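Take a look at the structures listed below.
Below, chain A partners chain B and then partners chain C, in two separate complexes.
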Partner chain A sequence: MEKGFRIVPELPIWQFDVLLLILVVLFAVVALSIQNLMGAAVVFGAYSFMMCLIWAGMGAVDVAFTEAAVGAGVSTVFVVSTLYNTGATMHRRAGGLGFKLFIGVVVTVAGVFLLSALPDFPEWGDTDSPVNATVAPYYILNTITDSHVPNVVTSVLADYRGFDTLLETTVVFIACIAIYSIMRVDKAKFETDEPTIVAAPRYDPGDSLIVRQTSRFMVPFMQLFALYVIAHGHYSPGGGFQGGVILGASLILLAISFDLKFLLRQWSEKTLMLLVAAGVFLYAAVGLACMFMGGDYLDYGFLDPILPGEKDMARSHGILLVEIGVGITVMFSMIAIHINLASNGRFDRGL
Partner chain B sequence: MENLIANFNYVIVVILMMIGLWSMLAQKNLIKKCIGMAIFQTGIILFFISIGAKDNALIPILTEAANHTYPDPDIAKIANPLTQILMLTAIVVGVATLGVGLALAQKIYQQHSSFDEDEILENQRK
Partner chain C sequence: MTEHLPIIIILGPLLGAVLAAFTAWFRPKLSHPLVFVGLAISFAAALKLVFIVADAGAQKYWLGGWGTKQGHGVVGIQITVDHLNTLLLAAVSGIALLTTLYTKRLVDAELARRQRYFYALFSLLVTGLLGITITGDIFNLYVFMEIAALSSYALIAYGRGRAYMAAFNYLIMGTMGACLYLLGVGFVFAKTGTLNIDDVSAIIPELGQSQALFVGFVLILLGAWAKMAFFPFHGWLPNSYAYAPTASTALLAPLATKVSVYAMLRIMVTVYSIDYIIHSPATQSLVLYLSSIAIVAASFFSLTQTNLKKLAAYFVLSEIGYMVGGAWLANKPGLTGAMVHVVADAAMTSALFMAIGCIVYRLGQAQLDDLKGVFFKMPVTMAAFVVTMAALIGVPPTCGFFSKWYLIQGAAQAGVWHFVAALLLSSLVKAIILFRIIEIGYNRVPHPAIEGNPAIPRNEAPLSMLIPTVAMALGLIALGLVTSTLVNTIISKALPAALTP
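Right after this comes the complex of A and B.
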């Protein structure tokens, strides 16, 4: 009986929670009041880590995992690579205090209004609240019989609410396209039109042997772990989003520790953008395949003639296919966004 | 007051959202505005996770070993998976939109050599 995780129910954990919640507010204030923008980015990363702990404490392990990979990892890198192409320090400007105080009062009034709704809320941890008592129990009770996926979050993500995830993936794809169309500049045009607007960043290709060798050593393990996260998402926290972000982060690490050219030699611009689209395409194609087999869109149960196992196992495998699609899109859109931000849209060199 | 302690999470949610909103409105720096937007977003995510949490609940992964066995899971002992998946996708979409915001900020910096709103406006008037 003593296998698997068991959390001691009487563990007094709420003090820890309260401490973390207060720390989170402190970190948010520090991240916004600090003058140095690079410092703000780093404090914001720490803020995200604190948030991970809070969410993990409330049982949301998948969300905490995602935030650790995305909020603390990749989004900090995005901010840093934006700052790298511009100026890192923030100019303190006198004045404007009255305006800030005015906004402060407005925001406080709005907050008081929101807080006045507090007594109407179901108490924290109430099992009979509308959120917990209506639709969610269906997923917990039926996930094993429907699709043999013990991780309820994965089965809801990719199966019961498959449309939702499809469109979220599409949003990531569209955001990638948007950044591409904002940032990307034609190299020839750039050289003639606007040669020296950006302050040339200090760039030294051979700066650190230790960083390069360490990342060379770490990247395969990161990628192996990411593949495990995608493949094992049915049984443990993880799935396409988390695995995709870690895969993307491993290649971003290569791009930072070597240089962008090193990355672009293996993954050309064209390949990157094709793969970003390919992930969404795979997801949508699995849905279409279900229709061809006679079912509804994204009803993986109808794929059982071509996937191994009965109807329930077909759903399990369908979830895996879809998660792979999500992983591909997320991975390559993270890389494409990083390259655009780090190289100022020139795709030649950068952070 | 008792209510305040029982719903401490929601109080923090409101505080975080207002910090983010204040930053988006009052800060002049575009990067600070982007960070404020992300803080606002994490406030909302914290709200969703808080309404889905249950007292002494376990993570929503069914195992044979824990208090709930999977032929007959005890719903009161498993955290709500639905709010979690909604927020999981929201985080990834959030980083993509943060990227769009940063890209726009960077493009503005190329034109005006500043992240400061007032300087950008002065530049445009010239």
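Right after this comes the complex of A and C.
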């Protein structure tokens, strides 16, 4: 290509990537073989961070961001809050030699089968590969004129393939109400089921001044950053999912460092669960509004009479609206899931 | 307005579910009617589309207005209603609508105070299933698959006790299936650069022999098989359906597996062409053997069951063998049979589980030994049950006869005699089970008409359950009567043109 712009068809710093790959495999093996589940959870979080670095090295910064926020961050917290109620020791049930051989054969055959497709794939970064020659060039060439969004990932996610994102938000919503439906138990029933007197723990981790004050100091910054991530997703990596997860994580941090009651005093069960549904509703309603204004479902361009700016800016603002919807659902789903797991569905006390 | 009909099919249950999630906190009684209205809108749209498609051919709708761009193909997400899926869309939304009516009393009885999000999840499951059926985009199909799967795990786990473990097994198996499917989609995307089904199917023949595409094909199929509980991935299904609340099973059993079979048909017929199967006879005969084994094994296991719900779950497994086998015969009658059977079996399984639900509602359980005198207690329910069993066995004029006839014809044409034998054996086993139930329900109690025997009091299920059950059973006969019309006007046009007649 002209003007000194050259596409390099190999990994930028291959030594670095090889090191990361080795570490990923190492962490995966350690996470599987470690006996203490709390340890496994932490190692698994580290594994996610390595994956995050690999995505970033490949130039998929949005994916890396999501991996860091969801994979390494909040899902580790969920595992920990589950272990709080189940205990961290595991009883391994080892299969016999025959079983192990069977698994070995299945895994080997599957691996060989998957690898057999490798020579058929296009080169890494090949400009003529089908992926870089079919729909992707359209996105790169037209995202500015279509929707005034420089970050192609955001315009693909929220506009060109906005329907997928509506449904992914619905998936988060379903995950939240499914966990709620499965775990939530009546307080009255719980009080008859279990003894009320619980021996006081020898060391109360909730009673640490340093932890409390540090998190109290950090939470506003986290929330400000999260709002920036949602609002600035048009221009830089980020968007509703990542921002929502960070917002949720900031409140989960408060819940862990203070007490679950501290969080529940501010956010009642009803408010949380209504807000979870509100985000999906906002997204779906923006789509419906487009339909009533005469366009296809989710065609934000038809919102230009009610949104400021021309058609392309209307698309940009439409994207912002749905990203806010995503952010609301994701944030409150994360909090509600955490409360359910940490309090074993009782919504009173817990991690 | 007609141009928006395809998306209305999805929006009805989706918005119904979200609104039901709101009202669950203010007026819990409103959740059920809201979901019902959403599904009714969806059914009306689907029914209208059947006529539109029969008249005018495939209808396409581009989300966000992102259609075909010169030189790039479709840049957005397309949903398509064509000859292959229009009947299934109407069947899924229609059955879901009837089931919503039917489950009201069951849910009140079985779940009582725990039902806050039941109808929201119910409606979301239908959204997912309709979405898998309607979508014209292989990644969008995966997202809908997740919606359907997550809500069905929750609906099964509502059963508590052993249902938790059953739902967990299903979760592991379902997640593996979804992963395999997604990996396969990744392989296809790497080779074609697009996710739109029409574009992919146009590009694949140009690429010729490609190992990556073949691996992708196998991965997608394995994913679909895990989802539909095809042998040998069937382990999760019987327990899930037996321990789930009857209301959940009444929706899951008829629809969830059938929609996965449809997804397989869509991949086989539209995304990859049917030549793909004809050109690999080794894989084809392997799958046909697996189908026969699935049918035979499920039939034998159904003979050993003492619980009516579990017995019916094994019927579901054997019917899956019918459809996979029929599709892989890869000739005209076989594929027609598979396509007819997807719709027919959805209706039959729905009627079967509705009748079982009525029995469970009155008797409290469904062990075969508890059925003594049930024909005198619940004559209308049992009449519907017998009609349904007749359809499953394949007695004319029910819909089960016609689809089975096409399947046997296809197998005979392809010379796959073990599949013919498996189909006949499965009918035989179902007949044995029907007569066993008649024997228990009719003959193991003294007949009330004989002098001196006490009359057995009639105790039918409530009308809100009985009417959908009878309607569904009558629907089986009606569906049988219109089968040839449907095949001539719609299904025959969904068959790939390349097939030998």
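Convention: the second predicted complex is superposed on the first by the 317 of 351 C-alpha atoms of A that agree within 3 Å, B and C clash if a C-alpha of one lies under 4 Å from a C-alpha of the other, contacts with A are read in each partner's own complex, and residues count from 1 in each chain.
Heads up, the rule we're going with is that a residue touches a chain if its C-beta (ideal position, glycine included) is under 8 Å from a C-beta of that chain, and two chains touch if they have at least 3 such contacts.
This is a predicted model, so every value here is computed, not measured.
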Partner chain in contact with A:Thr108 - chain B first, chain C second, else both or neither: first
Which superposed partner A:Ala284 touches (first chain B, second chain C, both, neither): second
Partner chain in contact with A:Val61 - chain B first, chain C second, else both or neither: first
Touched partner set for A:Ile246, first chain B, second chain C, both or neither: neither
Which of chain B and chain C A:Val135 touches, first, second, both or neither: both
First, second, both or neither for A:Cys52, with chain B first and chain C second: neither
Touch count on chain A, higher of chain B and chain C: B
Contacts of A:Lys270 with chain B and chain C, given as first, second, both or neither: second
Which superposed partner A:Val29 touches (first chain B, second chain C, both, neither): first
Touching partner for A:Ser116 - first (chain B), second (chain C), both, neither: second
Set intersection of chain A contacts, chain C complex versus chain B complex: 114, 119, 121-122, 129, 131-132, 135-137, 139, 161, 164, 168, 171, 175, 178, 182
Contact footprint of chain C on chain A as seen in their complex: 113-114, 116-117, 119-122, 129-139, 159-164, 167-168, 170-171, 173-175, 177-178, 180-182, 186, 270, 273-274, 276-277, 280-281, 284, 288, 291, 295-301
Contacting residues of chain B [partner chain A, same complex]: 3-4, 6-12, 14-23, 25-29, 31-32, 34-36, 38-39, 42, 45-46, 49-67, 70-71, 73, 75-76, 78-100, 102-107, 109-111, 113-116, 118
Sites on chain C touched by chain A in the complex: 4, 7, 11, 14-15, 18-19, 21-22, 25, 61-66, 69, 72-77, 113-114, 116-118, 120-121, 124, 127, 131, 139-140, 143-144, 146-147, 150-151, 153-154, 157-158, 164, 183, 187, 189-195, 199, 203, 210-216, 218
Parts of chain A lying in touch with chain B, wherever the complex brings them together: 1-7, 9, 18, 21-22, 24-25, 28-29, 31-32, 37, 40-41, 44, 47-48, 51, 54-55, 58-63, 66-67, 70-71, 74-75, 78-79, 82-83, 85-87, 90-91, 93, 96, 99-100, 103-104, 106-108, 110-111, 114-115, 118-119, 121-127, 129, 131-132, 135-137, 139-141, 143-144, 150-153, 156-157, 161, 164-165, 168, 171-172, 175-176, 178-179, 182-183, 194, 197-198, 235-237, 241, 245, 330, 333-334, 337, 340-341, 344
